[in-house]
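Common to both upcoming complexes is chain A, partnered first by chain B, then by chain C.
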Partner chain A sequence: MTAILEIRNVTKLYGNELALDGLSVGLQANEYISLLGPSGSGKSTLLRIIAGFEKPDAGDIFLEGKSVAGVPAHKRGIGFVSQSFALFPHMSVFDNVAFGLRHREEEPVRDEGEITRRVNDMLDLVGLVDLGDRRISQISGGQKQRVALARTLVADPKIILLDEPLGALDANLRSRMRAELRRIRQQLGITFMHVTGNEQEALAMGDRVAVLDSGRLIQVADPDTVYNRPASARVARFLDCYNMFEGRCEDGERFIAGDTSFPCLANQNAQAGPGFYCVRFDKIRVAPASEAPQPGEVGVRATFITSEYSGPSVMYFFEGQGNKVLEVEYHLSHRQPEEFSLGGEYALLWSPGDALVYA
Partner chain B sequence: MAEVRHRIQDGTGTSTVARVAAERKDPHARRITALLIAPGTIWMILFLVVPMLMMVYVSFWTQKTFTIEPTLTLNSWIAFFSSETYFGALLRTIRIWLIVLAATFFLGYPTALFIGLFIKNKTLQTIVLVLCVVPFWTSFLIRVLAWRPMLGKEGAVNIVLQKIGLISQPIEVLLFTEFSVVIGMTQIYVVFMVGPIAFMLSRIDPSLIEAARDLGASTWRIFRTIIFPLSLPGVVVGAIFVSVMVLGEFATSAALSGRKVNLLGNIIVTQVGSLKWAFAAVVGVILTVVIAFIVAALLKIVDLRKEL
Partner chain C sequence: MENRPALRSALAIYTMLFIGFLYAPFVVLGILSFQSGPEGGPQFPIIEWSTYWYEHIFGLTPPSRVAPLPIGEALVRSMTLAFVTMVTSTVLGTMTAQAFRRRFKGSGFVFYLVVLGMIVPGVLVGLGIALVANDLSIARAWWGTAFVTHVLYTFPFAFLVMLAIFNRFDKSIEEAAWSLGVPPIRTFRKVTFPLIFPGILSSMLFAFTLSYDEFPRTLFAAGADLTLPLAIYGTFSVEIHPNIFAFGVLTTLFSFSLLAVYGVLMAASVRSAKKIAIQEDIE
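After this line comes the complex of A and B, so read on.
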């Protein structure tokens, strides 16, 4: 695979704030990469620098091997779909999509027949072929999203940057648009870079997931690796599916968190020192406090607070040592939901091999 | 029930909803509605509809030298349209209105563009808009009369031009001509054009301009295809303000033309002054009809209810 876009040591300062800190990453041709980061991590800044709306303070960006420093946004062949869609409210859906073809400075398309053909092809691709005459105020949020995408795609860009594209849509529509976005990308065979603050969206969409924190990439890998083997405790925290115990590792064999101690296995490569011991929500078994742990199981005692039912799974919330909230997830296809008594004491148990140790 | 009433008041109720509500004939709700619209309706009838009808009626009365009789006649109307002076005043009023409208637009639009689009800071935007209104802190007549020492034969403009050697003789056509009337009116009314346009421009989402640029459009294209169309409601509102005020003007033309430029407003003033009520009424009716046509035409350009 060849890198279509390469970002090398890009740094951006806002005043004294470091928005991007020597960030490097390569985008492959024909891939879907999702960029996950909390708000303020610099993900929108990175997108705006790639698009050409802002200049990096240091570092460079190479598009197909050529530096794009000094190349204005519209000559980069990179499409940008903003979170607010930025559709022109006084034009019809058709005219919005045709805008770039008609009004671009370089090689505008003068032949109305060709414009009609290309716009209709694009509207067909995003499933809006009957809505060309509608005004922007007459279409729904999901349709606006598709128009914004079609407007960018019609110019045949090599890369499309999507800035939290699903953020303005309701939950139902979001999951439909996820599938739609992937289908459109596969059909066209171009590279999509999708920025999001939602970990599930990042994992669901990306062929690769890049995790951004404080202006640095802390992990770039396929979704399965990111989810099951986060590169660091910070990545695990973003994924919001791990119970994290803060403490220190001693001799590389025991992890001490408060009064409890967990064994560390040899393949967990724990070094002596402060760190985190992480257990995924769905790797935990809840047992009555009186029940003796099975051989090879470790665990903590905790008080049941509440539960939250979400259809395919149910979340149980417990309070452990030091008022720490511990979460347990039961996937209902594998396990039966259980009734725990409010304020009752339980043992949360897991196999030491399922835990991740960062120390 | 409360739900239904709420939807009707919102104006979003469908005809079915309205019919259902009407069939119920809730007497309490209807009494409240009647009570709420009564003051406005009575006010408009007493001080707008009745005076207008009266004006139309009086325009057909018979004018004697010092009296007026309610005997219906077309004499005043015939006098207006057969007189070179009076019909000429109508044409002059329309010509000056068009010139002032164009001048306020071409001066006002760039100003509004600067305030509404180039000043990003909202506080600074408000400060600059308030600065535009500062001249209004002095009286209207003083602002008009201040143009005399500016434009006069020995006024500021002539002195400066002579000092820097551009002219040897003072330019006399600056004051007491149609030109000075246009200058005065433009200065006074341009702010009514700037305000609404700046407001519409400041509401344009910057991401639209960014998107248009990303799609490859040049600055001029973006202005033509995005910025100007989106500011058009502001232009129309500004044009309505300026038109209504300029068409009814008499003070600026009286003070800055040396009574040489007679607009319809000036004719009304002199006719009322010499107690020619019937003739003043004719001019008033004509002026009202002209303004109504112009406002209606401007409203045809954009659907303000939809755009604002």
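After this line comes the complex of A and C, so read on.
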């Protein structure tokens, strides 16, 4: 497969601050890639450069094999949906969606009948067919989001860039829009690049997830790999589902964190030196402090602080050595919720093979 | 505030004084314009209430020793000049403010250069223009040299108004239009312009009113044909009659009607664009 979009060594400076540091990535046709990164990691900058709103200081971008350096935004054929939706407040919903068809430079649609048909088809697709006459100030946040999407989709772009499109919506609406986006994408077969700071959104939406940190991609892989085998301790930290012990590995066999030591297995490929030992929240078993570990289990002692119930799962918070907060997640479909006594001492146990060692 | 009656009444008195000083001259002028004529002068008491001086302005009174105000042509000149100045300054101001949306090399310096036009003393600018025109053998005229000085003076005001408007303008709306394949110039016409229109109205109002009663710059730059403020000043040097007051009342009414038109247009424009480009509710 050929890359529909290829980003090669793109570098962007803001003053002396490096927003993008020689970033390279390719997008396949009809792929949905989600770009995960904390705020300030350069993810929005990357989208703005691809869209043509900003110029890279170095590097180049190739759209279907052709460089877009010097091609202005309106000639790139790349759709862009921003976090603020950026709808035209002086037009109706219908006119917002029709705007691109009517006024674009290449192949504008002159026939009002065709415009009406295409706009209504698109409003139908995003479920807003009755709201065409409304003004932008008269619709809700979720509806604005759909209008922004419909406005971009109707122009038939090769690629659509989504800049935290769900960021301004509440949690409920968010998950509904996620499902909607997936459906629309399957129906239309367009390449999407979706920027988000939310790890769940990134994992849920992407065929591939690209993790961005300080202007560099630190892992590009399918969601399963990113979640289960983060390429580095930094990726694991962004995923926010790992307890991370900082320490050092000795001889490639033992990982020393404070007073505790964990065994390292041969397939964990740990090198001697400083690093992180990571255990996923849901791989930990909580046992009374008095109980002896099962054979092949390792663990730490910790004090129970509090718990947080979230429906399908429950999070338990413990305080370990050096006031470190350790989190344990029980998926309630697999395990029963437990009552722990506040301030009580427990053993947090896991199988060494479930741990990830970055050293 | 509520529990400080002393402060409250002090502020109330201050406000009343302020309003008094603002409107008292106009009220006095208005009253004196109804002095009887042609024997009544520009002072109290009112001998007899009459609309004589209003009729005098329009030449409806029998000839008397008081010459009619030489303002007919001057009024047309001033209106024309103010209108052309308004259009020129607003277009220039909008374009300059548009340029300042991106920081460019030397933008700070250029900013002060532009704003200088409203800071330097008007008499000096007028005199300077007159001298330069003489040196270059350019005839001074209200539609030439005076027009240039008026644009110099009003352009910074128009520019600052538009700069403030653009500061609050959400650029992502234009970017959205570009990404739909709409070229920048059409985007400006179809998206940017309708949204900044209230600002453009304000800018036009500023430019028109400033130019309409501009005096010190025009004094030297206008040449032989006078604008309205110069013509009125010219009549003072002979003798002051209440016809000037009557005229003042009429022009003030005209200004108010201009303001009313501005208000109506503004309200319509704001209503049609409801929340404008700022979309603060979702940011």
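By definition in this document, the second predicted complex is superposed on the first by the 359 of 359 C-alpha atoms of A that agree within 3 Å, B and C clash if a C-alpha of one lies under 4 Å from a C-alpha of the other, contacts with A are read in each partner's own complex, and residues count from 1 in each chain.
Quick note on the criterion: contacts are C-beta pairs under 8 Å (C-beta built on N, C-alpha and C of every residue); 3 or more make two chains touch, one makes a residue touch a chain.
Just so you know, these numbers come straight off a predicted model, no measurement behind them.
Peer 1: Clash or fit: chain B against chain C, after overlaying the two structures on chain A?
Peer 2: Here chain B and chain C cannot both sit on chain A without a clash.
Peer 1: Could you tell me if A:Ala73 is touching chain B, chain C, both of them or neither one (first, second, both, neither)?
Peer 2: both
Peer 1: One more residue to check, A:His331. First (chain B), second (chain C), both or neither?
Peer 2: So A:His331 meets neither chain B nor chain C here.
Peer 1: Which of the two, chain B or chain C, is in touch with more residues of chain A?
Peer 2: C
Peer 1: Counting only touches as set out at the top, which of chain B and chain C does A:Gly141 meet: first, second, both, neither?
Peer 2: In the superposition, A:Gly141 contacts chain C only.
Peer 1: Touch test for A:Gly100: chain B only (first), chain C only (second), both, or neither?
Peer 2: both
Peer 1: Which partner does A:Arg183 reach: the first (chain B), the second (chain C), both, or neither?
Peer 2: Touch partners of A:Arg183: none, neither chain B nor chain C.
Peer 1: Now for A:Pro89: first (chain B), second (chain C), both, or neither, which partner does it touch?
Peer 2: Once the two structures are laid over each other on A, A:Pro89 reaches both partners.
Peer 1: So which bits of chain A does chain B touch that chain C touches too?
Peer 2: 51-53, 73-75, 79-80, 82, 84, 86-90, 99-100, 103-106, 151-152, 155
Peer 1: Over in the complex, which chain B residues touch chain A? Could you list them?
Peer 2: Counting only chain B, the residues touching chain A are 205, 207-208, 210-218, 221, 225-226, 229-230.
Peer 1: In the complex of these two chains, what residues of chain A are touching chain B?
Peer 2: Spelled out, the residues of chain A in touch with chain B are 51-53, 73-75, 79-80, 82, 84, 86-90, 99-100, 103-106, 151-152, 155.
Peer 1: Residue numbers of chain C touching chain A in their complex, please.
Peer 2: 170, 172-173, 175-184, 186-187, 190-191, 194-195, 272-277, 279, 282-283
Peer 1: Touching chain C in the complex: which residues of chain A?
Peer 2: 51-53, 72-80, 82, 84-90, 99-100, 103-106, 135-137, 141, 144, 148, 151-152, 155, 157, 168
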